[in-house]
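Chains: A, B and C, in written order; residue numbering restarts at 1 for each.
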Amino acid sequence: MIKVLTAGALATVQDLGRTGALNLGVGTSGAMDPLALAGGNILLRNEENAAAIEIPVFPFKVRFERATVFAVTGADCAARLDETSLLPWWAYRAEAGQVLSLSLPKPGTWRATRAYLCIADGIDVPVVLGSRSTQLRGSFGGHEGRALRDGDELRAGRPNGRAVPGFGLMPPGLSLPLQADGVPAVRVLPAAEYDCFTDSSQEALWSTAWKITAQSDRYGYRLAGEVLNPRRRLELRSHGIVPGVIQVPHGGQPIIQMRDAQPSGGYPKIGTVIEADLWRLGQAPIGSSVRFIRCSWDEALGALADVRHWFANARRLVELHCGEGGGR
Amino acid sequence: MSNPLDHVDQLGTWLKGADLALLELRGPGANLRLVNDGASVRVVEGEEPKSVDAPTITVGASSPGIFLDRHPLHDRAIAAVAADVRAGEPLGFLQVGPLLLAVPAPRAGMVTDVLAAHGTIVGYGAPLFVLQPIEGQTS
Amino acid sequence: MTTDRPHVSLLGTTALLFEAPGETTLETQRRIWALARDAAGFAGVREAVPGMNNLMLAFAEPPRRPEEIEQRLVERWNVVEPLPIAGRCIDLPVVYGGEAGPHMADVVEHTGMHVDEIVERHSAPTYTVFALGSHPGYCYLGGMDARIATPRRKVPVLKIPRGAVSIGGSQTGVSASDGPSGWNTIGSTEVAFFDVNRSPPALLQPGDSIRFKAVRVLR
């Protein structure tokens, strides 16, 4: 049992997302940085899809009402357990009554903006339409279909006694770097209306940096940069879209659809950030810049394979370590 | 004969170039210790060697791996020479593939030597730190 | 944007999009429903999601060679028969204009019509539910009078309320919950389109239909 003392804003219970409900108009939701959520679960020997708390705004504070093994992954947010400084991406045991405090991430060797509090056996909220992720629009899933508030109490899943404290994981932000000219980058596949944009707009997409404006959140990232112009005015029919789609409304400034985006839309699509790189966007802070790298289908599949390999390798080494009775 | 202290800069350059963590010169009249923590080389003023009643502890690698003197998300070494540490606190880390293991201080004390450079591959048992335990402290 | 042949494109590695050619029609939509039913069974496809005369295939596992699934879709499209679904019809009471329709003025300006004419043209047809999308329970409707079509807004509005009745391009729809939208809101209704505790949770499905009934016109 965890009691939320300081919820900050926009902290939500998420898992890896809700699939199979697009025909009801229900999008994926899920963690903005799925590698951090799954990484924390792997560290705690949970199933990868166990629910955790996504924390985008700090400070954030919870009290453990029972002894709990936990890990804080994603951004390094100067975590403290009572007065003790904690390491990021590390499994710890809290005793009943101890308070975990997370603060604003400071610049370190990896720029990130969202933290994930993962606990042994996962956060136990009801499964709705196949997932524990919070569906903010429509107010269901997660914890009561809303962001966390001070005073909320969250339960842990049924204990399986597998988690072992006292070791950590290398953050994938360091193991899987991707930059273009020193700027964090993501790979993009051109989308249906790519060829409808002018040559100079296409060039601008790939060669200039895009700033993530303050009007960016789980629904979408509004970018500031060069104005992207179609060769002629485009008016499209409503069609299905997915997180990562880069829409260009009439103003010419792109919007990247993120986890809570509508599952359909009608603005022209110039490209789609590949699924394997969405976690990088999920950790890009407001005010930071990103670059888009054009990739091929095969390269996109290769990127997915790299991520899967990272998970599998992490799981294998964690099992080896815990199985040997390690983790002192 | 020239005094080694006059050649600290050159000695420091050689230390860095050879990727060594420590150079110690002792003589009847002087001690010189240069510590390379990866970011800089500095002269460490040492006290006279402690009495033989308080042996230092050498902390070795519990596993082969890449020695890190800091968590990879952090900018600075955790435990440089002359740092005081509590029992159980990490002095550094070993990276084994995606896993990170701590190199914990077996007892409270002061770090007197850092024997491996950040980012180097070390074998099982490789000496990493020398710790001068605090009298009377238990782990 | 109409084309004379179907167009298939990628949405990253997560999905692909099939656009039917020609103008947006109910006949084409019935063929899209049939194609969706077939494609839902293709290897690697998690879900087949109809849109307005288009179809998104969400992958459970992206195919090694997307060209193969693209070709298969086009081949099916060429032979598929319209699915003759006829669902139920519901009447939606709507308050048009004023506070209930904050963008009515934009529709007036674009179309050059008076509010009453817009209301009459909007509430005359029986609209077929072509697809669900956008947000939980939201129905994309076909059959709107092209004369009241108004382009989506230059800058999407950060929040329009549940029950908002809006026009975007040549389409109309009702918001099932509060949220952002690029459409022009002309009225408001109280009917609940989605309840996660209900089975099925969505009020309507493709093949059902709606009639808007003007209960008041605010000026």
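Throughout what follows, a residue touches a chain if its C-beta (ideal position, glycine included) is under 8 Å from a C-beta of that chain, and two chains touch if they have at least 3 such contacts.
Note that the coordinates shown come from a computational prediction; the quantities given were computed from them, not determined experimentally.
S.K.: If every chain is reduced to the average of its C-alpha atoms, which one ends up farthest from chain B?
M.R.: It is C.
S.K.: Taking each chain's centre as the average of its Cα atoms, which is closest to the average over all protein Cα atoms shown?
M.R.: Answer by centroid distance: A.
S.K.: At what distance in angstrom does the C-alpha mean of chain B lie from that of chain A?
M.R.: Computed from C-alpha means, the inter-chain centre distance equals 38 Å.
S.K.: Taking each chain's centre as the mean of its CA atoms, how far is chain A from chain C in angstrom?
M.R.: Chain centres of chain A and chain C, defined by C-alpha means, are spaced 29 Å apart.
S.K.: Could you please state the distance in Å, as a whole number, between where the Cα atoms of chain B are centred and where those of chain C are centred?
M.R.: Distance between chain centres: 67 Å.
S.K.: Would you please write down the residue numbers of chain C that are in contact with two or more other chains?
M.R.: none
S.K.: For a test of understanding, state which residues of chain A touch chain C in their complex under the given definition.
M.R.: These residues of chain A touch chain C: 19-20, 22-27, 128-129, 135, 137-141, 189-192, 219, 234-245, 249-251, 262-267, 269, 272-276, 297, 300-301, 304.
S.K.: Which part of chain B faces chain A closely enough to touch in the complex?
M.R.: That would be residues 71-75, 90, 95-102, 104 of chain B.
S.K.: Residues of chain C touching chain A in their complex?
M.R.: On the chain C side, the touching residues are 1, 7, 9-15, 17, 19, 24, 46-47, 49, 51-56, 58, 62, 64, 66, 131-138, 140, 151-152, 154-156, 168-171, 176-180, 182, 194, 196, 200-202.
S.K.: For chain A, which residues count as touching chain B in their complex?
M.R.: Where chain A meets chain B, its residues are 76, 87-90, 108-110, 166-171, 174-175, 310, 313-314, 317-318, 321, 326, 328.
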